[in-house]
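Below are two complexes that have chain A in common, paired first with chain B and then with chain C.
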Partner chain A sequence: MADKTPLLKVEHLCKEFPAESGTFGGRFAKRFVSAVNDVSFEIYPGETFGLVGESGCGKSTTGRTIMHLTSPTSGKVYFQGRDISEMSKKELKEMRRDMQFIFQDPYASLNPRMTIGEIVSEPMTIHGIGTKEERIERVRELLQVVGLNPEHINRYPHEFSGGQRQRVGIARAFILRPKLIICDEPVSALDVSIQAQVLNLLKELQDKYGTAYLFIAHDLSVVQHISDRVAVMYLGKMVELSDWKTLYTEPHHPYTQSLLSAVPVPDPDIQKTRKRIILAGDPPSPIDPPSGCRFHTRCPMAQDICSKEIPGFDEVASGHYCACHFAKPFPIKESHINL
Partner chain B sequence: MLEPSPTQRAGMAATADTKGVKKPEEKSRTLWGDAFKRLRKNKLAVFAVIWIIFIALVAITADLWAEPWLGSPTASDSVAMATTSLLPPSAEHPFGTDPLGRDILVRVIYGARVSLSVGIMATAISTAIGLVLGAVAAFYGGIWDTIIMRLADVFLAFPYILFVVAMIAVIGQSLTNVFIAIGILGWPSIARVFRSAILTVKENDYVDAARAMGASDARIIARHIFPNSVASIVVYATMNIGGAILTESSLSFLGMGVVPPTPSWGSMIQAGQAYLQTAPWMMIMPGLAILSTVLAFTLLGDGLRDALDVKMKDA
Partner chain C sequence: MKKNANKNYVDLKTQPIPEGQHLLEVDNLKMYFHTEDGIVHAVDGVSYTLDRGETLGVVGESGSGKSVTAMTIMGLISMPPGKIEGGRVLYRGHSLLDMSEEEMQHIRGNDIAMIFQDPMTSLNPVYKIGKQVGEGLRLHRGYSKQEALQRATELLDLVGIPEPEKRVNEYPHQFSGGMRQRVMIAMALACDPDILIADEPTTALDVTIQAQIIELMQEMQEKNGNAIVMITHDLGVVADIADKIMVMYAGRPVEFGTADEIFYDSRHPYTWGLIRSIPEQAIDEKKPLTPIHGNPPSLMNLPAGCPFAPRCPYAQDICHEKLPEQVTTETGHYSACHFAGDMDFVKKNAPNTSRSRGKIATGTPDVLDPSVIGGRA
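Up next, the complex of A and B:
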């Protein structure tokens, strides 16, 4: 992987939101929510990069900031080697042909006043690609690919189920054959049986078009199913990053370890005897994040240094990064993980 | 739909660049078409529409038949006063007559001109102002939002009728000034409704989706935000027509509306007040006219709200 040039490069990305809205839209707010703090990673062409963490840890904000739906407070995002924040409006629009987004909520992400055909062809319309007939033909072709009936092109979103709507969203994301798609929890709003179908569809489409995914989820088993590499976030910080096999069998960070130990195992004997790490309390507020390592308030192995010094995001093995003063492998037997 | 042949396809590809952006609008059903279908199923709304159209037609064509049949709505001559003063409803004067011997029906018909034109013009003025200010507040937010919405609060803090009366007193008493006074003072509620509709719609993922696709602000507003927020304004404006008619009636009742002898429903009620015991038809007839017309606009607004909700099933 390392010899290839990255498709997307995120460097020290930070995003803060004003913690009070106030009379002037929070312009003079004194306290900030630190949603994303110093996050760096790279995504290579055609790979799936999983991003996991509990709700509120900043994973969606990371995705939205990369997409430039919100601008970063500091840090850089490079897409195909170019800094997104320095792009002109025209260049940004051009860039968006190659970078698409799949949303979490299939009910909110489709305009109820537009037909499926209009929704799926909208990226083509915006970028002025093809004639009306060509667009319709491309939409029909793509509806077929994502498993929808092309005859439904003139229907409205409310005539479809959640899973079907998500397929419409996927068709829309793929119509321009982008190089990168940011999937913001694309299956967490769906039933488990539908989740598997949609994940398989995403995999098929990736094989077909060679698209790279930034796959955001809070469910480790969903991420495992689809990802090449996985990063774990906690309270706005990336705590561990590795290829998924290593991360799932040899997690170094105590937070990753506790997450993995929380995934239930279908074998009751193993489930009874295996060692679980149970975290006490709730994640602290991102308005005043804990000093030093943001995880130290809940960490089972925290020491004095953890509340004083921010641990670096260091390479503990080739391609394996971990932000912990006491990073050490914590092997998990494969039979103990439900993968 | 027929699949185009390969040669046709090649032809389309050749014209692709020259044609540029064109909307693919091959819809089998449109939003407004669907809404109209649903509206037709609502009996009350259909009745309201028929009633409004009936009143409008009667008011517009009154010169052709009402005046020759029932006499002038503004006449005052001593012969009429002596012979036809305060007659109860009869075949000749279906709604009865007033102390000056004028037919009440013809005055109600001509009063409809005043009421409908005030309702529509005043609502048009307040909707125009309200839409612009509401949209600016919602889109630009921040300081603009603060200024516009606090201004709206100030306007709403005044007792509405007193405010209108004061304004008429300043700019003078005429039909046009009634339009202006009611119209200008009616913007805050329209602005509030439109602002909140836009803010709600703006939060939806499909707006972000359009932005992520590279859509321009103009396209996002025209294709995504406006179509999803306009329904509430259509509904609100329809109901607002009824409200404006009521306000005009109150103004005329207080003697601050249109100048006599031009008939207005409000001033007719005011004139009938003194004869409540001897000639109750003087108050009842224009009162029924106000009631039925305002009710019709309210029912139509209700029906529109249901019809424009896409999530409603066709059943």
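Up next, the complex of A and C:
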């Protein structure tokens, strides 16, 4: 993070979806799903920014909105200093040369009727880069890099296993040498031994090409492993953001703490002795999110203020942000709460 | 279906376990699928024993035969294409494989119940929850509609579903994923089964909900004393819940032992590979992961010798030629590797564990202790 100018800057991003279809595609709907609410962060060149949270917390929507696959309800996204929402279609297309996407499902994200060569070279074709021969050359080179046999360039996706398909998806994302890749749950569909292969590959490619990642996942240990900085989302809100080490050793937000304590550790001794916070109930519906702090309905330490006032996303230590009324001072003690 | 079809059967779970036998004994079970493309060795020599109150964790990657083994025991595999090629399954001394379909129907749900991975698809969307939960009671116990509904309400309450009186009359789509899995557990426990087979019960759920469900299963086990077979790909989940663990690879159990033996004294390179593939909860610095190279073999043409040999970093000539025998210790811990008996080999190559490092790394940060916080009682 030596470079101080952010590659991507997200400011107060909000995304709402109409909760009822109704007339005119729900344009006059009265109820909205608040999928992403007031999310701000920055990604620097070459770093991995992890985004974790449970299903429905808005992490994927955040990724898709940044890519402008859906337009934000409000808020700004700056990529290399330029506001994405003000770009023309042509400029957006240009921008997407530098911002690519890796999808979760290696089965659904590859067209079964195209060969591996066609799939991986498609971004080049779309952007009109190189001659056919040059493209094939580049594809072969990249297949080699991601650990696939370049001789398989004319094979179809069904001939590959899940892990290999994900390598194809990675090759496709890297073919234009983008500056930022949004990885939406890239390993969650894979077995653990294959998952480790793909994570190592992503790390190698990052070292080689200096690409920044927005790494979206629900698996905390995976995110911890790959990320430089990590943000935790709950019900459309970012609740905590910090460098990976601080987040995993000194989580300030009660949600981060309970999330970390809920992950089963593959070590019976640790598992039996450690303290755990098991949250009651399910996450509330994002259609009518709870007032005040959105976590207060499940928070083991919620007070009156929590249901009334929305906590600010404040810096509690250098580079460490937390949205909780009681985040500071840390660690929280009972005496701090009886206000 | 005849109302009193089950009258002629003796309730097996009320009978004592014969001397020297176990609640469930699976002995060298083999089940192959005979398909047009060839024979799939889906279950190839699985053996284990299970007693009341115990939890067996079955770990392995997709396609390793974990679920098929459970379904074979339950008699849920259609034959053909499936075919039992050998072995025995004894439940309280009675062979499940020799039972008629009618007898099996009485076993399923009543003596051995199963929870499936996907709570979204394993409930019938057109029936009310109460009816589905009470179905087993009507079938196995001859409860009337009212009695079954009454009991279903109690069961929903037991598994922690709020407002059970109202919820019994709702449909599955009105429940969240975690709530549906609770319904599945209520359904499975309705007839107080001896054995609960849970096939990836928490894989489709979020981690905070997963923690709730695991806790619920443990609570229920303490209350009812049933045995649990927990099928999962997540070593963290088995560390949490299992007394014994069986690691499967390509249809075969490669290692079996107590949770302590598998996590701290494992002898099989595949188990080591699994443990090393998991990102460590490193606090100081990050090391690259050590994945297992290559892909699992096709169950249709398994490699000669040890099925793991092509991916094993320690494979010797013998591994590619001869199928390894199980090397068993006095405690019953076995490992199907040619070198499992060679303690120098094991010591040299086994991954470090919190025990071998001599300290328990704090896996989690210093989290809040809910008992001190006060908060809302």
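By our rule, the second predicted complex is superposed on the first by the 320 of 339 C-alpha atoms of A that agree within 3 Å, B and C clash if a C-alpha of one lies under 4 Å from a C-alpha of the other, contacts with A are read in each partner's own complex, and residues count from 1 in each chain.
What we mean here is this: contacts are C-beta pairs under 8 Å (C-beta built on N, C-alpha and C of every residue); 3 or more make two chains touch, one makes a residue touch a chain.
In this text the structure is predicted, and so the values were computed from the model without any measurement.
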Query raised in the report: Putting chain B and chain C onto chain A via the overlay, clash or fit?
Result: fit
Query raised in the report: Between chain B (first) and chain C (second), which, if any, makes contact with A:G117: first, second, both or neither?
Result: first
Report task. Quick one: classify A:A19 as touching chain B (first), chain C (second), both or neither. Result -> neither
Requested in this report: Could you tell me if A:K93 is touching chain B, chain C, both of them or neither one (first, second, both, neither)?
Outcome: first
Requested in this report: Have a look at where A:I310 lands relative to chain B and chain C in the superposition and call it first, second, both or neither.
Outcome: neither
Requested in this report: Once the structures are superposed on A, label A:S258 by its partner contacts, choosing first (chain B), second (chain C), both or neither.
Outcome: second
Requested in this report: Once the two structures are overlaid on A, work out the angle chain B-chain A-chain C from the Cα centres, in steps of 10 degrees.
Outcome: 80
Report task. Specify the partner with more touching residues on chain A, choosing between chain B and chain C. Result -> C
Report task. Check the residue A:G163 against both partner chains and state whether it touches chain B (first), chain C (second), both, or neither. Result -> second
Requested in this report: Classify the contacts of A:E133 with the two partner chains as first (chain B alone), second (chain C alone), both, or neither.
Outcome: first
Report task. Would you give the minimum C-alpha distance from chain B to chain C, in Å, for the three-chain superposition? Result -> 8
Report summary line: Residues on chain A touched by both chain B and chain C none
**Report entry** Touch list for chain B against partner chain A, complex
**Finding:** 1, 3-4, 9, 12-13, 15-16, 19-29, 31, 141-143, 145-146, 204-206, 208-216, 219, 223-224, 227-228, 310-311
Query - Residues of chain A defined as touching chain B within the complex - result: 23-25, 27, 64, 67, 69, 92-94, 96-97, 99-101, 103-105, 108-115, 117-118, 121-123, 125-137, 154, 156, 158, 169, 172
Requested in this report: Spell out the residues on chain C that touch chain A in their complex, using ranges where they run on.
Outcome: 61-62, 176, 178-179, 206-212, 214-215, 233-240, 259-260, 263, 273-283, 286, 288-293, 295-296, 353-355, 360-370, 372-376
Query raised in the report: What part of chain A is in contact with chain C in the complex they form?
Result: 54-55, 161, 163-164, 191-197, 199-200, 203, 218, 220-222, 224-225, 245, 248-251, 254, 257-271, 273-280, 282-283, 299-303, 331-334, 337-338
